[in-house]
Amino acid sequence: MAEPPDLHAHTASLPLQGASDAPTHGQPRVSVLEVHVEFGHCDPAGIVWYPNFYEWFDAASHRLAERCGAGLHTLRAQGYVGLPLMQTGSTYHRPVSFGDDVRVLSQVSGFERKSMRVEHRVMRGDELMLEGFEVRFLGEPHPDHPGRLRAAIIPADFKARFGFVA
Amino acid sequence: MAEPPDLHAHTASLPLQGASDAPTHGQPRVSVLEVHVEFGHCDPAGIVWYPNFYEWFDAASHRLAERCGAGLHTLRAQGYVGLPLMQTGSTYHRPVSFGDDVRVLSQVSGFERKSMRVEHRVMRGDELMLEGFEVRFLGEPHPDHPGRLRAAIIPADFKARFGFVA
Amino acid sequence: MAEPPDLHAHTASLPLQGASDAPTHGQPRVSVLEVHVEFGHCDPAGIVWYPNFYEWFDAASHRLAERCGAGLHTLRAQGYVGLPLMQTGSTYHRPVSFGDDVRVLSQVSGFERKSMRVEHRVMRGDELMLEGFEVRFLGEPHPDHPGRLRAAIIPADFKARFGFVA
Amino acid sequence: MAEPPDLHAHTASLPLQGASDAPTHGQPRVSVLEVHVEFGHCDPAGIVWYPNFYEWFDAASHRLAERCGAGLHTLRAQGYVGLPLMQTGSTYHRPVSFGDDVRVLSQVSGFERKSMRVEHRVMRGDELMLEGFEVRFLGEPHPDHPGRLRAAIIPADFKARFGFVA
């Protein structure tokens, strides 16, 4: 696969502007999702069809949230709706092929007042194959519009679960 | 669904930096993919699970390329391998639900020396539901590494097919 | 692709045993779902990866039910939960390839007391590429177990919507 | 979910007619694929959307073949094309939900002259949630039609890899 030299906006590795929260240490901040690349993940070119990477990212974010005590069932019990998406993106470095065993490493890289950024790196051994991100918000029922959501102000204890302190 | 006010990087609508090629007029530059949102596109929240949007984008790019005379079969007949991905991204404005009829409007927004940027807008009637982009390169066999690809320098006639002149 | 001569159980074309209901005529009994085979539908062998056919079947059944006045929103307004699956199957006659335009023709072939059988044929022009079926039931909330479903006795007016009379 | 009492054709558990080959013992005949049910596997009803089960079956068959020394790379090295599908089917006993951990147990249940039948059971703990099957053939290039396949006569040593002797 090509390694095109001239573009690579490196969206995924940009620091989150305005993210002043510093992560603490000793918290379960990084989760790992192991994926065996199946025949059906691959396209006629024999490599992973890229929407599948986003399927992995979504699964990895659920895994991360679960590990940090912020899984969907927990959030719902607290009156939240979940962690819907505002923005996603991915930068592809090397093609991933049928039979590869990869790991998706996921962590929250920062919080805004009403959103969080999850970053994912897909590794084959020590090689970075691709990286991606998801900006999510903490959804709560809109007080004025039944059936609609709005982005909640992220509470400090929610950030703390992912290893961030105010 | 929420309309979070404070983030929205608007990646998809940013002008492509360094894209000096001006589009001509009268070319078949915009393609439309109509999508009926199926039950199976939707997640337990009752809205489209976001990796599906990328499936639509990929289909829409193939449709656009086909319409512009640069479909996969044509490219292969010219010695190219296709239009692999370097980067993708999407910004979500409103949730898309089961039963919605949407249109994916796609166009090339600019070329770099060795890449192109395709932009997609998903509309429900006049409402912009989400927007996304794909940065693709024109793949050719690597002359020194059999079985690998590299990014070709985009020829002028390729740009012209999408409505761009040097 | 092979045309293996010796197996083909023809599950999909078997008459439904015990289906004594005769279809009337002049009803909107057959629906058509048009599918353009996308790059992403195809596997490394360059043909449609078979789980996609079931995605089409599910979409086609929703389309059929909608056309017959038994779409999901209508069913829910009547206290039903939907049309969950009991059994599905498919027999593959010819491979379907990237770029093919196919039609999925769907109809109910018979009712049991508490189930219905939907049959699907995937045609490329006049060629039958594959055929499949789904056995579905009309789900209603279980009176004794909150949160669970049970199969309702199919009412005569439901059958009539699909062109069957008692 | 309902347990409809009156249909259940038990396709998946029917003995393969004409399958006279007796399995030997001590061979690695059963493979296990562990699946954690992701949010994205589930539909608006909150349960696994059924085409996903076939995705698991396909992955499980590749896993089984790999374990038995008949993986895709091995087959191709021997001049075969792979194990394309002739027929598939599934019977659903209980709904599978977001967060469930299930195992897909897979084995070859019999061979015909030019086909094999793979059976899959999806277990949550000791509960059988659903069962399915795939009839596959051993594809080889058609000698008279370049670019087409035909079903090879299954050689004895191929059967032996899955624990069957003539």
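By letter and in written order, the chains are A, B, C and D; residue numbering begins at 1 in each of them.
In this text, contacts are C-beta pairs under 8 Å (C-beta built on N, C-alpha and C of every residue); 3 or more make two chains touch, one makes a residue touch a chain.
Note that the coordinates shown come from a computational prediction; the quantities given were computed from them, not determined experimentally.
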Report the chain whose CA-based centre is farthest from the CA-based centre of subunit D. B
Counting C-beta pairs in contact, does A-D beat C-D or the other way around? C-D
Measuring centre to centre with CA averages, how many angstrom lie between subunit B and subunit D? 36
For the pair subunit C and subunit D, the C-alpha centroid-to-centroid distance in angstrom is 22
From the C-alpha centre of subunit A to that of subunit D, how far is it in Å? 33
For subunit A, residue numbers touching 2 or more other chains are 39-40, 45, 49, 51, 55, 58, 98
If we count contacts the way the header does, which residues on subunit C are in touch with subunit B in the complex? 36, 38-40, 55, 58-59, 62, 72-73, 98-99
Contacts from subunit C onto subunit A in the complex sit at residues 39-40, 42-46, 49, 51, 98
Give the list of subunit C residues in touch with subunit D in this complex. 1-9, 11, 45, 49-52, 54-55, 58, 81-82, 84-92, 95, 112-115, 135, 137, 139, 142, 148-151
